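Dumping the structure here so I can ask a few things about it.
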Amino acid sequence: MWKFIHQLASPPHFYRIAQILLPWLYVPGLLLIGYGTYAGLFLAPMDYQQGDAFRIIYVHVPSAYLSMLAYMTMAVSAGIGLIWRIKLSHAVAAAAAPLGAWFTFLALATGSIWGKPMWGTWWEWGDPRLTSELIMLFLYFGYMALRGAIDDTSKADRASAVLALVGAVNVPIIHFSVEWWSSLHQGPTLIKEGGPAMDPGMLYPLLAMILGFTFIFGALLLRRVRAEVLFRERRTRWVKNLVLSGGN
Amino acid sequence: MDLSMGGYGAYVWTCFALAGVVLVVCEWRARLLQRRVYRDIEVRIKALGDS
Amino acid sequence: MSGEDESVGMFSGIAGIARRDLLLAWKRPGDVLNPLFFFAMVAALFPLAVGPSPEQLKLSGPAVLWVAALLSMLLSLNSLFLSDYEDGSLDQMLVSPIPLSALALGKTLAHWLTSGLPLVVVSPVVAITFQMPFSVTGYLMLTLLLGTISLSLLGSVGAALTVGLHRGTALLSLLILPLAMPILIFGARTVSLVASGDGVAGGLYFLAAYAVLTLSFAPFATAAALRISNE
Amino acid sequence: MTAQLSADALTLFRGERCLFQGLSFALNPGELLLLEGRNGTGKTSLMRAIAGLIEFEDGDIHWQGKPVRANRQSFYGSLVWMQHRVGFKADLNLVENLKFEAHLRAQSGQDLDEVLKRLDIDRLKRLPMRSLSAGQQRRVALARMLLSSVPLWLMDEPFTNLDREGRALVMNLTTEHLDRGGMCIMAAHQDVEIGGNVQKIVLQ
């Protein structure tokens, strides 16, 4: 088992295996998203309070969930890279950040569009989730800016890893404090927490979307990590052989 | 099939379209990154030899 | 020739470096005063921009003072490790038997004493111009006291990460501001709550707990960041 | 018996460039290690890497048989480092600077005034560092080494900015330190006349 992990973490192996893995993530991901979109838009029953506008949650919730997942991926792999000095996991952290930022942006945009018919404004500071997402986006920007400011890859890896870990400690605190802050004036919330009360007809498409988005996130992550690995290993024999032989 | 989404069509469709755009952009950016790194290595090898 | 000596200890190291930085601040009072002037000026911008209505100023006072304090702390954080990095003192600190986290803590302590504490002291004067009653001012000082401790500690991590980078100033703000949001939220809201006559214990507990949390992890993160930045 | 300080198969990269590969040495009490080589050959980088400020790509340094990587603090308790940027605060005077140094590492207990007199900087005692010349600042860095009681001296280009008298002083002090059973690693691109046990590494 340990040997297998070690082998996977070796860049040439990872590079090859990731390529083989890609279709196994894309196909189920796209199928799930296809089903989720169709079922979410046309099959799921209408919410009696929000009408058809509630269907926005089928893209909002998965992207909000992914913005968290990407941050966790980033922080955990940065921590692993910092402690065990595994270069591959730094590459994962570097690849996760821009994806996380994009999904955070998507969560913010869809949340804001949802807010217009529901609250009558494009932006409602009273909603803790939107506010947390906004701070999340700033955290991603900070992380990517720090990475961009340091030329030396190994130095950038470790410095941004420290930042990611400090951020990871802070993320729950930020959520908690924003929650407290908005509770002071009884703001509206985007999604009701009533999980069990949700109609299965509404729930299954949502689960399909979340799972599908996660698969696609995995695929995008692998693609980016492959590029990162190629860049970091650009001076090694195997990369040169690969490029000389025109492989991919 | 109610494409107007009970009057909320503009909002709902914009959100789904936006999600599609973001996914496509992410995919495109990832491919672009890979291509760029690959081409840089090619240029390097041509310029400096493969030693 | 003994390698170890009892007189060189962690606490002596913390005290020593804090004393050195205080001495430096004493010889360059501008470094301490400029952020204070900045604080007062930012606070003065708001009444000028919003208008002189006393009701409005009273309402926005806690928020304005807190935002101004946060920005002023950021301003002074930028130079926290810069001169040590430039003149080679940081190298000397790195090869000392004193744990680097202890030295970082000492420097952060000095930073707080020369930037956080003066803000706490000056804040009542600025608060008067926002029509803040004296009963509320006490709470403003208390929240600033707890909040600036966390800001100094959290900021030292950012300062350590950006030391030696070009365009470090803007980057530092970008890194620290989102992390500092909880401090701002609890600091400013707690004062506002006092002003409107509500309970405040929750906010104060949070600020105290957060200060303890940052105290326990920030020095180590700062030390790790310094080693990386100084390569 | 294992050497006090030993390095095996060190490899160091700076950016894309490999500075050296498979470098090994061993140092025992009373010995001097001279690092020679033209500018840009990596003397300073090697020095910084020995001090643990940059990491070797490969290889390990052992202090008293234990890897430095895992026992940083005890290694740092045994060395003092004189580098190009002397590491003093320009706004503080000589005594204030040296007093602060006493918090950073073990002190030999030598009298400060005597040390300063020996280095011929006692009359500069109360001047802020910024008003001292580069050579005088180097002498203060020497005072830091004399005042500390550590066995290993790391000296990066100790002769820069010093006149002939100053250079002789550095050599005398180093010889004395070696005679006391100390060790020294010195990077220099000048002739060094220090008797005794001298090893040389020439970096290309």
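Chains: A, B, C and D, in written order; residue numbering restarts at 1 for each.
The working rule: contacts are C-beta pairs under 8 Å (C-beta built on N, C-alpha and C of every residue); 3 or more make two chains touch, one makes a residue touch a chain.
On a predicted model such as this, the values are computed, not experimentally measured, just so you know.
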Third chains touching both chain B and chain A: none
Pair sharing more residue contacts (C-beta pairs) when C-D is set against A-C: C-D
Cα-centroid distance, chain C relative to chain D, in whole angstrom: 36
Mean-CA-position distance for chain D and chain A (Å): 49
Whole-Å separation of chain centres (CA-atom averages), chain A against chain C: 32
Centre-of-Cα separation between chain D and chain B, whole angstrom: 54
Residues within chain A bordering two or more other chains: 152
Residues of chain C whose C-beta touches two or more other chains: 231
All chain pairs that touch each other: A-B, A-C, C-D
Residues on chain C engaged by chain A in the complex (per definition of touch): 154, 157, 161-162, 165-168, 171, 174-175, 177-179, 181-182, 185-186, 189, 193, 202, 206, 210, 213, 217-218, 221, 224-225, 228-229, 231
Of all residues in chain D, those that touch chain C in their complex: 48, 51-55, 73-74, 76-79, 81, 83-92, 96, 100-107, 149-151, 180-182
List of chain A residues in touch with chain C within their complex: 82, 135, 138-139, 141-142, 145-146, 149-150, 152, 155, 158-159, 162-163, 165-167, 169-170, 173-174, 176-178, 180-181, 184
Residue numbers on chain A that touch chain B, as the complex places them: 37, 41-42, 46, 51-53, 55-56, 58-60, 63, 98-99, 102-103, 105-106, 109-110, 113-114, 116-117, 216, 220, 223-224, 226-227, 230-231, 234, 239-240, 243-244, 248
Touching residues (chain side chain B, partner chain A) in the complex: 1-2, 5-9, 11-12, 14-16, 18-19, 22-23, 25-27, 29-31, 33-34, 36-38, 40-42, 44-45, 50
